[in-house]
Amino acid sequence: MKKLLVTGFEPFGEDKINPTQVLINALKEEKFECTQIYLEVLPVSFKKVNKFLKELFDKIKPDYAIHLGLAGGRSGISIERVAVNIMDARIPDNDNFQPIDEPIIEDGPSAYFSTLPVKEVLYELRNKGIPTVISNSAGLYVCNEVMYLSLYYSDKLGYPAKTGFIHVPYFPEQVVQKFSDLGQNLPSMSFDLQLKAVQFIIKKTLEKH
Amino acid sequence: MKKLLVTGFEPFGEDKINPTQVLINALKEEKFECTQIYLEVLPVSFKKVNKFLKELFDKIKPDYAIHLGLAGGRSGISIERVAVNIMDARIPDNDNFQPIDEPIIEDGPSAYFSTLPVKEVLYELRNKGIPTVISNSAGLYVCNEVMYLSLYYSDKLGYPAKTGFIHVPYFPEQVVQKFSDLGQNLPSMSFDLQLKAVQFIIKKTLEKH
Amino acid sequence: MKKLLVTGFEPFGEDKINPTQVLINALKEEKFECTQIYLEVLPVSFKKVNKFLKELFDKIKPDYAIHLGLAGGRSGISIERVAVNIMDARIPDNDNFQPIDEPIIEDGPSAYFSTLPVKEVLYELRNKGIPTVISNSAGLYVCNEVMYLSLYYSDKLGYPAKTGFIHVPYFPEQVVQKFSDLGQNLPSMSFDLQLKAVQFIIKKTLEKH
Amino acid sequence: MKKLLVTGFEPFGEDKINPTQVLINALKEEKFECTQIYLEVLPVSFKKVNKFLKELFDKIKPDYAIHLGLAGGRSGISIERVAVNIMDARIPDNDNFQPIDEPIIEDGPSAYFSTLPVKEVLYELRNKGIPTVISNSAGLYVCNEVMYLSLYYSDKLGYPAKTGFIHVPYFPEQVVQKFSDLGQNLPSMSFDLQLKAVQFIIKKTLEKH
C-alpha cells in the first residue's frame, strides 16, 4: 500500500489560526483507497522543521508528500512550482528567529522543481471550479524551506518519491478585519472549497503515479 | 404579515451566470417567520427595469425590499450606502443600451441613502465571519439605478418602506479563468457563504423594524 | 478677470507630507492668463474646515474652485463626480474628531454633482498620457466634506460658480515603505505628472466656461 | 577600464512601446566614470535571444551585465533575485513561439541567484525615494530566460563576472487605457524615476566590485 504524507503548519505571525492546520484535522476523517495517509502539523520554525521533517521521512518513508501552507492575500489555490535554496524572512518565525539571506542547505542545489503533477492538478482544480494558479515563488519563509527540504531529501534519500507544496488562501472568517489598500477585504476561500481542493490534489497525485 | 421583496439580476456582460439569480432561486426553499417573501429576477435593462420594478411595487406594496447585484472583482459582501441620480454605463445593458451621463429621474433628488440598517448588518455579518464592507458607490449601472428607483418610490409612494442594495462577489467557479493584473485569480465567495450572508441581511432587516 | 481658488490639504493620519500641499506650493510659481489665482491649504478638520472655506469664499467670491486631496492607494488622478451629505470617518481628523454617520449640513441635499467639466478633463488628461479615472465616491472624510460644502455654497451663494474635487495618488517617495497585501509597493505618481495634471485641469476648467 | 553591458527589450504582446528600450536609448546620453558602457536592445524571442546574448558576451566580455525588462502591473522597481531553468510562456513571443515547460539549458542547474548586490541596490533605491522591492520570481518568459542565460554564461565562461535582472513598471502613458479589476488604472512609474533608478543601480553595481 502506498504511503502519503500530508502536512500543514501551526499559526504564525499575527494570525491565530492557520487554515492548513484545520485542513489537516479535517483530513483525519477521510479515507483514500489503497493508500496509507499520514497527517502532520509542522512547527513554523526555520530550525526545528528540518529535524522534524527528516525524522518523519525516516520513520514513514513516504511515497508521496504534499505540503500545505498559508499564503495570506492570494485569492486561489497556488500550486508551487519551485523551491529555492535561500531563507530571507520578512518576520521572525515562532522561535523568534529571522534568517536573512542564508542557504537552507550549504552547497545544496540552488532550486528544486516540484515533482507533483503540477499542470494536471491545475487543470483538474479549474475543471472542478476551484480558482487555482501555478505560482513560481513559494516565498523565502518556512514554506519554501519545507518544500526545498522535502525535494532535497527526495533527491538524496529517495523518499518521498514525489513531493511538492500547495499554498492556500485565508478562510473568510480570517479576513473580516483585514483590508486591502483600496478598502476591500482581503480575498479568501471557504474551508469547504479548500478541503475539496486538497482532496483533488491528493487524488490526482495518487492517480498519476 | 410583513411583506419582503428580494430581487436579483439576470446575467450580463460576458458572464454566463449571475450569483444573485442563483441566490434568488435558493431562497425559494427558505421560510422566514411572520413574513411573506417575494423573490424576483430583474432584467439588466436600464429602460425595462423601471417599469418592471414599479409594477412589482404596486402589486406587492412591500414593507421591505432588498436588492442584490453582482460586483465582480470585489472580495466580500458590499452593503451599499447611497444611490445617485445618474446612469453612465461602461458597457451596454442586455438591450444594447448604454446611457452616458443621463439622470435616472428627471428632477429627482441627486441621491438617496439606503434605509436598511447598514451598520447593524455590517457588524452582524462580520460577527458571523463573513467578509463585508460598506460601499459608498453602487456604480452607475443598472444596480445603482434599481437602488435609486427603489428609494425614490419608497420616498414618493411609501412602499417599500425600507430598502437598500447589496453587492455580492463572483462565485469561485466564475473566476477560474479571470485573473488580476498580477496573475492572481479574481477574488470570489462561495455560494454557501453568500446565501448565509443574504439570510442574515434579511433577518437583521426584519428584526430592526 | 476671473478668480480661481485652488486648495490642498495639510498632512493627516500617518503621512508626514500631503502631495496636495506640495502642489499648492508649486502652483505659486505659475501664471495663468486672464485669471487671478488663489491658493490655500485647508486644515484636515471636520469642524474647522467649514468656517475656513466659508470665509475664503466670502472674501474671494471665486468664479471657480478646484479642491485637491490625497487618495492613498489609488494609481492615477481621480476626478470626483459626486459629494454626499454624510461624514463617517475611518480615522480621527487632525483635531482628533471622528464623526460617525453625521450629516455635513442638516437638511442639506443628499448629494451634489461636480460642476467641473468632468468628462472633458478626463479625456484631456488621458490624451496627455496621464492615468486618470472618474471616481464615484470621494469617501466620507474631510475631502468629501469640502467637496460637498463647496458645491453647497455654490448652490446657495452663487460662488464658486463652478467647483469640484480631484484626488491625487501618493508621491513615489511616500510609498517606499508602504506595501500591498501581495508585497508590491502601493502605486504612486510623480510630482511632475501630478503638477502637469493639475495645470491641465485648471486650463480645461477655465476654457470650458 | 571596466566594461558594463546594459540591455533592454523590444516591445511585445499588446504593448507598442517597451520602457526598457526607451531607457536604453536614454542611457546613450550618459557617461559613467572609468567604465565602458555597452547598450543593447534584445529581441523578445526565446530562440533568438540565446545566440544574440552569447555573441554579445563573446564580443564584449563584459565585467558586469544589467538586464532590464518590463513587468506590467507592478508598482515599483523589482530587483530579481533568482532565475529558474524553465520556459513556460503565457503568450507567444515575437516569433510566435510559445514554449511550455521546457528547460532553457538541458541539464543546466535548476536556478541561479543574481550576482548583483541585490540588497544594497534595494536600500539605495529606497533611500533615494524610489519604490522598490526584491522579487523572487522573474516569471517564465524571455526575461527569466535572459537572466538565466546571463548567469549561466557567467558561471561557465566567466563573463559577465556579475549579472542580474531588473523589472520596471509601465510608463504612465501606457496605462491610461489599462485598468485593474476594481476600475483603477494599473500602476506606473515615470520615465524620469525609472531612469534615475537604473542610474543608481549601475552606480551601485560598479561601486560594490
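In this document, chain identifiers A, B, C and D correspond to the written order of the chains, with residue numbering beginning at 1 in each.
Everything below uses one rule, namely that a residue touches a chain if its C-beta (ideal position, glycine included) is under 8 Å from a C-beta of that chain, and two chains touch if they have at least 3 such contacts.
Just so we're on the same page, UniProt names per chain: A, B, C, D = Pyrrolidone-carboxylate peptidase.
Being a predicted model, the structure only gives us computed values, none of them experimental.
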item: Chain located farthest away, centre of subunit A as origin (C-alpha); value: C
item: Residue-number overlap at the subunit A/subunit B interface, same or different (half cut); value: same
item: Computed distance of Cα centres, subunit B from subunit A, in Å; value: 38
item: Rounded Å distance between subunit B and subunit D, as computed from the means of their C-alpha atoms; value: 46
item: Interchain centroid distance [CA atoms averaged], subunit B/subunit C, Å; value: 30
item: Multi-partner residues of subunit D (at least 2 other chains); value: 74, 180, 182-184, 186
item: List of subunit B residues in touch with subunit A within their complex; value: 74-76, 126, 129-133, 172-173, 175-177, 179-180, 183-190, 192-193
item: Subunit C - residues contacting subunit A, complex; value: 72-74, 178, 180-183, 186
item: Complex interface listing, subunit B residues touching subunit C; value: 81-82, 84, 86, 101, 109-113, 119, 135-137, 139-140, 182, 184
